[in-house]
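Think of it as A, B, C, D and E in the order they're written, each chain with its own count starting at 1.
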Amino acid sequence: MHFFNTIRWIAWKDLLSEVRNRENISSMFFFALIVIFIFSFSFSLDPRTVQEVMPGIIWVAFGFTAIIGLGKSFLAEVHNDCMEYFQMLPVPKGAIYLGKFIGNVLFMLIVETILFPLFVLFFNLDVLEKFPQFLLIFGVATVGLSALGTLFSALTVQVRAREVMFPILLLPMAVPIFIGAVEATRGVFNGDAFALYSHWIQLLVVFDVIFVIVSFWIFEFILDF
Amino acid sequence: MHFFNTIRWIAWKDLLSEVRNRENISSMFFFALIVIFIFSFSFSLDPRTVQEVMPGIIWVAFGFTAIIGLGKSFLAEVHNDCMEYFQMLPVPKGAIYLGKFIGNVLFMLIVETILFPLFVLFFNLDVLEKFPQFLLIFGVATVGLSALGTLFSALTVQVRAREVMFPILLLPMAVPIFIGAVEATRGVFNGDAFALYSHWIQLLVVFDVIFVIVSFWIFEFILDF
Amino acid sequence: MVAIRGIALSKSFHYHQVLNEISLEVKEGECYALFGPNGAGKTTLLRIFATLHRPSSGRFEILGRDGLGDRAKIREDLFLIGHGSYLYDDLSVVENIQFALGVRGGHPTDHEIKLALDRVGIGAFRKLKSRHLSAGMKKRLSIAKTLLIRPKILLLDEAYASLDERGVVMLNDCIREFAKEGSAILMTTHDRSRTAEVAHRAGVIQQSVLQEITIQEMLAADALF
Amino acid sequence: MVAIRGIALSKSFHYHQVLNEISLEVKEGECYALFGPNGAGKTTLLRIFATLHRPSSGRFEILGRDGLGDRAKIREDLFLIGHGSYLYDDLSVVENIQFALGVRGGHPTDHEIKLALDRVGIGAFRKLKSRHLSAGMKKRLSIAKTLLIRPKILLLDEAYASLDERGVVMLNDCIREFAKEGSAILMTTHDRSRTAEVAHRAGVIQQSVLQEITIQEMLAADALF
Amino acid sequence: MILNRFIRWLGRYEGWFGGGAALCIGIGLYMGLVTSPPDYYQGEVVRIMYVHVPSAKTSLFAYLVLFIGSIWYLWKRDPVIDNMCHATAGIALFYVGTALLTGSIWAKPTWNTWWTWDPRLTSFAILFLTLVGYLMLRTFLDDKEKEATFAAILAIIGFIDLPIVYFSVEWWRTLHQPMSMSVRGISFAPEMLTPLILMSIGSSLLFSYMLMVRTQMLYLERLLEAKQGRLLSETRL
């Protein structure tokens, strides 16, 4: 079917470009590294405070990384007016959205996978037995962030002050995701029972579903004004 | 003299564009606002912790705002290849640097001036009688950040992955400025005597001088490779 | 049968009315050339037909289908060669073609792609990343895509720009071939003699008014446009 | 006196040697036209003379001054009209001209600017922001700058591209005037007949070799280039 | 051009550098790991020193070479110097990485943490990030001349960090060992000093050897690129 073909081609293109130049992943990774670096000495932390602010630090760092990485997502498309090509495509625009979305989720997950051990190292965290919980939280939060980020990236690359409009639009919308992720992470760090913070994860899942569906539907209009 | 004329024209152009579209200042302002907002709930803070992490929060927020604002600084110049025009100018390139630098310091200071009261409001800070100290710290840190930011903005806008290369190159170099600013701010918050943290401010001044002079000199090569 | 029909099309940008009630018809198998001074609105008109802009008022039909309501269908038959090259810098020439066709549901064989590239004269650069192509080579690549898609409606903006003389002959060949197969071609250009070799009809946009002239009149006219 | 002298200039871009030991001389008061197929390296050669690229090997002289060592001096006499328009979107046409000249140390009066704008035919758009100019109007603006600067060396890339016919006549007029005043003009183009009206000498770059031909030969040649 | 000849001349003795490095490092390691005594306070852990200290010292030296080379490039614009800088940065990163890694491993038993924000460690981490940024920047440019210039600029700006790394132990009270070999004399036991010196000499010989090999490699790569480029430019449109 055309629809799935288009998704496949777009994801293929993003992955191939990435394999060729490693721009996205390597730059997201180093950016995150530097953010961690700056955080960890800006908040010169004693172990007790770490426990308290760590969830915030983790998610602010990933949030900024997402801004940098996702914001670039559609930049490659404006470069040679590829956005216009997409606009003229005779396929449902949602396919384009899903293709980019899949690529973005992948990139983010890869970066997070490399980064998490570094967090553990830098802040002397003790997380080994809580690994599955972290995996779950990271998964759902990343899907939500990518869903929103992909949409806003497509929207802002077409306006004038794109570099700033992207965070300005994305961050407020992403607040529920941040809160959910921070609270769930805090629960894990405190060693709470899963049931005590699982409602935060449910919240994240609900937002994921809403964001993906709404973005998918609304993308038609982003590419056909 | 040509040299000062060029500085004047470039600063004039930046200010006029800014007055026309208000892109830079308003976007830096909003971005910082959002960052503060996210911080203030990511680190659900009890008053004692505030005291401890506040300097970090302030400078991380301003640091990221600087990244957003300064990174855009030379984007206007690449847009219609104006960078090439600069390269072909028969004037010392340092004049271009100083022109942009002056504009950037101005923008940053304006944004910080608007933001600081918001910080005070959001986090219930108690700073009125320490105002001159803050002014001094903000001044010297801003000069250093702008000096570096202007240089790296000019360098990275000519490179492929510019949006990410800018923070990746700028942040490590700016770490001494961050540390100095954070420590001095911490001193002010703790109500220490000026002499106790004045060496951090001296450090900042030294870095300011080094960065401005080195950047001024090396800018010649950024526009003539 | 009428392939492109524009009825009283107007378009204004902000303060500036570029097109004022322009009507135009191009039949199948016909090549229509648009002339006009700089800033007359030729590009704007083409982009309206390409479904990239919406007209401020008026309507248009492509192959009998409404241009504002039935956009998804229309786009199957359209192709625009404009200012954008629609290329991804990190993909090779062949990969770019595969992507551009694949994403709109095409399945060209390697052999077909090779033939098309050879015909436009860039067969030797098949493996080169598109980043390294010159302006003219990018244009030729766009023509190769057209050869593979064989759109029923071909829109050509600044048809001969940045092509060398061999390129012009090749393009005119292609245009003749498309016209013979029943496609409608609408092109803008400033080059009367080259256009005369292929165009069946011509029009001049001047002060928002379209005036139709014959090819003979166009060639003979003293007035410049 | 020789105005532009290139001696065995080579340039490669990463795997791609574009120019291979090209030598070329243009005298004062002379207009030299460069022809060549797409991707031959015409633009690259012009950009080397404009001090925008450094040659990989070889050297060049402008008005007797070394092109690699004495770049600041050389740039006083140079002007390039290339693909970039060197405009700031938020400044008006007049402000853009004032800036472009002011920053290189010029002080045109309002009357001079008005005369130049009228001559190139965009006097009526004096107050328009340059964001709203069409391709041809931007080119005319560049020509207006040249009229005010009166450079001793004028480099024109794709000289006639995006100009309408009136524009071509106007540009050819300007070129003749400059040549009469003793300026050297080096231009690239694909349009033989228009070039023949003003060029004194011509050369063809093909497969990295520059071959000189007379204007008569150029006009008469059957071969395409 | 002088450098060209100098490098070719040095190239003939390349093997000596490699051999010398192997010898020094071999003997140094043997003495360090086998014959030297364990530390009074730290026990066997101290043996990491014989890798950590030489690689840390060599990395600082390497950055100094990079700094001088970068200035030289901006002055002379000789592509060979650029190749040398490029090579130096890669090798410096290798040494910095080794010092970081061994330092971290050493820190776990002695300071009971992998990492702290001690001034020396912080400034050394900046050095690491600067070098990574340097190498990344180089991959994002097509024009060789532009690449070389921008890289040189970055290296020169980044040099500010070097004195901080070196003197941080003097300027601030830090966790990290202060300089043991300074004007104030040497504070090592002789049986530990000998392998340390041997390893340091070996490490800098290894640096020189790698630098020569890598510079030549990059130079040959450039020639190859040029050749391929010529082939490409001869294909007709």
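Methods note: a residue touches a chain if its C-beta (ideal position, glycine included) is under 8 Å from a C-beta of that chain, and two chains touch if they have at least 3 such contacts.
Note that the coordinates shown come from a computational prediction; the quantities given were computed from them, not determined experimentally.
> Which chain's centre, taken as the mean of its Cα atoms, is farthest from the centre of chain E?
The chain farthest from chain E, judged by C-alpha centres, is C.
> Averaging each chain's C-alpha atoms to get its centre, pick out the one most distant from chain A.
D
> Where is the C-beta contact count highest, in terms of which two chains?
More C-beta pairs are in contact between A-B than between any other chains.
> Between chain C and chain E, tell me the centre distance in angstrom, where each centre is the average of that chain's C-alpha atoms.
The computed centroid separation for chain C versus chain E comes out at 57 Å.
> As a quick test, compute the distance in whole Å between the mean CA positions of chain D and chain E.
Chain D and chain E have C-alpha centres separated by 47 Å.
> Could you grab the centroid distance between chain C and chain D? Build each centroid from C-alpha atoms only and quote it in angstrom.
The mean C-alpha positions of chain C and chain D differ by 29 Å.
> Give, as an integer number of Å, the spacing between the C-alpha centres of chain C and chain A.
Measuring from centre to centre gives 39 Å for this pair.
> Give me the residue numbers in chain A that touch at least two other chains, ranges are fine.
As it turns out, chain A has residues touching two or more other chains at 21, 23, 27, 30, 34, 37, 41, 44.
> For chain E, jot down the residues that touch at least 2 other chains.
Only 122, 129, 133, 136, 140, 142-143, 145, 232, 236-237 qualify.
> In chain D, which residues are in touch with two or more of the other chains?
Touching at least two other chains: 13-16, 37-39, 54, 83.
> Within the complex, which stretch of chain D touches chain C?
13-16, 36-39, 43, 83, 132-137, 139-140, 158, 160-169, 190-192, 224-225
> What residues of chain A sit close enough to touch chain E in their complex?
21, 23, 26-27, 30, 33-34, 37, 40-41, 44, 121-122, 124
> Using the touch definition from the top, list the residues of chain A that touch chain B in their complex.
21, 23, 27-28, 30-31, 34-35, 37-39, 41-44, 49, 52-53, 55-57, 59-60, 63-64, 68, 71-72, 75, 160-161, 163-165, 167-168, 171-172, 175, 178-179, 182
> Once bound in the complex, which stretches of chain E touch chain A?
These residues of chain E touch chain A: 113-115, 117, 122, 125, 129, 132-133, 136, 139-140.
> Under the definition above, what is the set of chain A residues touching chain C in their complex?
2, 5-6, 9-10, 12-13, 16-17, 20-21, 76, 79-82, 84-85, 87-92, 224-225
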